[in-house]
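Working notes, structure below.
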Amino acid sequence: MVITDPVYFIALPLLTAFLLPLFGKIYKPLIGIIPGLVFAFLAYISFDLYLNLVPGKPIIIQMAGWAPPWGINLVFSEFSGLIVTLITFLAFLVWVYSYNFKKVGFDNSKKYFTLLMLMVAGSIGVVLTGDIFNMFVFLEITAIYSYGLTAFYKGRDSAEAAFKYLLLGSLSSVFILLAILLLYKQVGTLNMADIAVKAQSIDPKMKSIIAILFFVGLGIEAEMFPMNGWVPDAYSQAPGPVAASFAGMLAKSGIYALIRVFYTVLEVKGVFDLLLIMGLLTIIFAEFSAMRQKHLRRMLAYSSIGQMGLIMVAFSFNTKAGIFAGLFLMFNHAIIKTLLFLSSGFLTYSTKQKKIRDLDGFGKIMPFTSLMFGLGAFAIVGLPPFSGFWGKLNMLVATADSNLYFVIALILLVAVVEIVYYFKVIGRLYFRQQHKDVEVHNPTWNAILAMSILAIVIIGVGIYPDLITDYLTKATNELFDKAGYIHSVLPNLSLN
Amino acid sequence: MTNIEIILTIVSLVLLIIAGFFAVLKKDLIHAVVATSVISLVLSLMFYLLQAPDVALTEAAIGIALSTIIFIITVRNTKRFEDK
Amino acid sequence: MKKVVVIGSLGVIVYYLLSAFVAIPFGADIIKGVKEFYLQKSPDDLKVANVVTSIVVNFRGFDTLGEVTVLFLASTALGSILYHRRSQHSGLNPQRTSVEASAIVQTGAKIIFPFTVILGAYIFIHGHLTPGGGFQGGAIIATGFLLMLISYRKFFIKHNALTWIEAIAGSTFVILGLFGLIYAKNHDFLENFLPAGKLNDLLSGGIIGIIYIAVGFKVGAEITGILDTLLTVKETGLDPEEN
Amino acid sequence: MQEFLTYSIYGTAFFLMLLGLYAVLMKKNLVKIVIGLTVLDSGLNLLFVAVGYISGGTAPIFSPAVVGKHVIMTDPVPQALVLTAIVIGFGVTAVALALVVRLYRKHNTTNIDEIKNLKW
């Protein structure tokens, strides 16, 4: 069983990242090839582990030979395993897409791949770890990755965006550290399951202060309103595949941390109401901002924030249907937004100002990329037969279950808004005369491959949603079953 | 804590507050950077008093020396004075 | 006006936080938790005298791997942020200081430099016995290099060497951890698989000492790289590439 | 005495954090903002170590003088966490300063008001 240890998800990318400069010295093309092999291997073992997971028996890995309350542990369960599988799969596709990105003006590939490996390790670490401080360390890795890669391109406003994000990220880490310190001093442990057991005895006032600190700190990472001023800047300034990795992997690990802390570690009354309100505000703010955007990337970024808000609302119901819908939305958001960002990478690269009105008539000159973008847009607004439809449908069902009818009205309204601004772009792509001075950069074969795989997944799940519903249900059960999580991490614990 | 340690602690706390004010309010950035270095120095003493020699050493090496120097390099590469 | 609002709201937040923290009296030993276990197991099982070291490298060794990664990430990100194509500046060598430091500074730096490096090495080699360890030792070594960098205009760091040290030290950490999967008793990542030795001996603690030495090398190389990148930034004027 | 120390040490730590936050939120100079971040971190580190202190405790090191005797030791866990926090803080500071240098090279200023995209 050595070969399928979850610790490889973190150890291997780190090892490769450390050694990558040396590989480059031996033989240059290795810089591009080795990460691909590693990502392929990780994707393979994550699928393997996930499909062979016995329900109710998550894989618990202890570090350095110390059982969970004392050492750090990794938990590969139905829920965390699902997210890890998603991340490794997307990481592999992002690699396929950017393998010879040099052809479209992307030098400095050694640093790019090193940073990408570290980010994958970091976001998988956030998802897998069973230790609250360890989670903070990995969140910090993903944060520094985003500061560095947001400022990757010169000559744009990238440094401003990165600096803005850096300030907010530092504040968020201060909040998280304060929360961890208070929590440690109350329960004397940092293990999440152990905290969950002992948290019942914390004074409620103290508990609510800890919860608010976590809420603010993790909310910044999960792109929650009003702490998400950095998102549109970061998404629009970063290179295409990097923006895709933000949406597909970073945002996922941020929201995972938020969910895990409030579902498993700390049970605080009222926090889900807060999450519902903030989620709704996030949706309203983001979708109406997206409508006013002139830049394609900024529009996509605001739309992405809106999706995150929808996911928060879904999780705030604290019901099984809600979690299921939230997981479906997370899956959709990861896959579809990655496709949208990857295809928009080539669209905006061919325009000078990256504005939406520069895209007139691209449907004729860049048929494949436009098709992919159109497909992504149809999927994200929730039209059948794409996977986005099922996500939205489940969301509506879950909302109806919780008797929140005004939320249903809001979701439908937002869907209309989404249709308006996405179709505006599609209209320009297909039904306008093209401008004269466009310099077309057609996608390379590997980019076509990456986008096609994503499109196949979107259509496949759209036509036959049972492909994933089974796994999502299992993940839902795992997340909802707090006692089961505690019991599997701390088997010797006698629950009084 | 013995009496002398308590006195040292209180003196350090006062110094920390004064240096903090200097760091935030000084218009000359080099002075402000030196004030942050003083914060680190006093903090390192405090850590020693609080029986955390490991942290004291880290703060000494990173806070006093390296952090300060990267600030000074940056100030040299940009502007020295904060305008109004 | 804005100032008053900001300070007022910050004051309220801090007041609440402070009230939460005051509930934990200073110096009181109120919690029983993992620390008892660490204080007992570190000298008994791991034979590591410095409990902070055994927590940093063994009990919570995974954090330290993340921490090393953060520094590595910071130095890589720094490189990519301040990166400029060499070809455009091929005419001029990167310049550091506009004036040469005085002879006294130069001689002083030359004398102090080896001692600084030895002190740093001492600190990370004795990380499991005395206060300090890889991070502190590495930082001190970097300070030594910094001294040379600012006093000699022509003292250039060999980037090749830095890359090699970083790569080898970093992979030593991970590979030692992976060896734990095969050779150690419980087959865990980062588990000690070497004999633990005797408490307070230099050769005690098994892989803990080795890992801290690797951390020391890696941190030293990374911080030196960060300083070097920041120092060789072109000094004045706007970068032609930026506009 | 203990109460006085509680209030004064925690109070100072929070005061430093407040000063840092004030600089981050109100100051216009980029370098000053980053200085604010380090001051904020300093306060946080002091808080961590102070919370881990146990009266009468020695440093958590089993040196030959201590082995075999019954001694109280301070809590080593917050110390280990603070070590991590300091190193992470240094990394973030370095990245922030690199960004400041780049912003300066582009806009020839370190004032936030003159860099239009940084307003919010």
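For reference, chains read A, B, C and D in written order, and residue numbers begin at 1 within each chain.
As a convention for this text, a residue touches a chain if its C-beta (ideal position, glycine included) is under 8 Å from a C-beta of that chain, and two chains touch if they have at least 3 such contacts.
What you see is a predicted model, and the numbers here were worked out from it, not measured in a lab.
Touch-path distance (fewest steps) from chain A to chain B is 2. Inter-chain spacing, taken between the CA centroids of chain B and chain D, is 10 Å. Chain C and chain D, compared by their mean Cα positions, are separated by 16 Å.
Centroid to centroid, with C-alpha atoms defining each point, chain B and chain C lie 19 Å apart. Each chain gets one centre point, the mean of its Cα atoms, and the points for chain A and chain C are 30 Å apart.
The set of chain A residues touching two or more other chains comprises 133, 137, 140, 144, 147-148, 151, 159, 162, 178, 184-185, 190. Chain contacts: chain C has residues 17, 21, 24, 27, 34-35, 38, 50, 52, 60, 63, 66-67, 70, 73-74, 77-78, 81, 131, 135, 226, 230, 233, 239, 242-243 touching two or more partner chains.
Shared contact sites, meaning residues of chain D that touch two or more other chains, fall at 5, 9, 17, 21-22, 30, 47, 50-51, 53, 55-57, 59-61, 73, 77, 79, 83-84, 87-88, 90-92, 94-95, 97, 99-102, 106.
Per the contact rule defined earlier, chains pair up in contact as A-C, A-D, B-C, B-D, C-D.
In the complex of the two chains, the chain C residues touching chain B come out as 27, 50, 52-53, 123, 131-133, 135-136, 139-140, 142-143, 146, 223, 226-227, 230-231, 233, 235-236. Contacts from chain D toward chain C in the complex involve residues 2-3, 5-7, 9-11, 14, 17-18, 21-22, 25-26, 47, 50-51, 53-57, 59-64, 67, 72-73, 75-77, 79-80, 83-84, 87-88, 90-92, 94-95, 97-99, 101-102, 105-106, 108.
The residues of chain D lying in touch with chain B in their complex are 1, 5, 8-9, 12, 15-16, 19-20, 22-23, 27-32, 34-36, 38-39, 42, 45-46, 49-50, 52-53, 55-61, 73-74, 79, 82-83, 86-87, 90, 93-94, 97, 100-101, 104, 109-111. Listing the residues of chain B that touch chain D in their complex gives 1, 6, 9-10, 13, 16-17, 20-21, 23-24, 29, 32-33, 36, 39-40, 43, 46-47, 50-55, 58-59, 62-63, 66-67, 70-71, 73-75, 77-79, 82-83.
Chain C makes touch with chain D in their complex at residues 2-3, 6-7, 10-11, 14, 17-18, 21-22, 24-29, 34-35, 38-39, 42-43, 49-52, 55-56, 60, 63-64, 66-67, 70-71, 73-75, 77-78, 81-82, 129-131, 135, 199-200, 219, 226, 229-230, 233-234, 238-239, 242-243.
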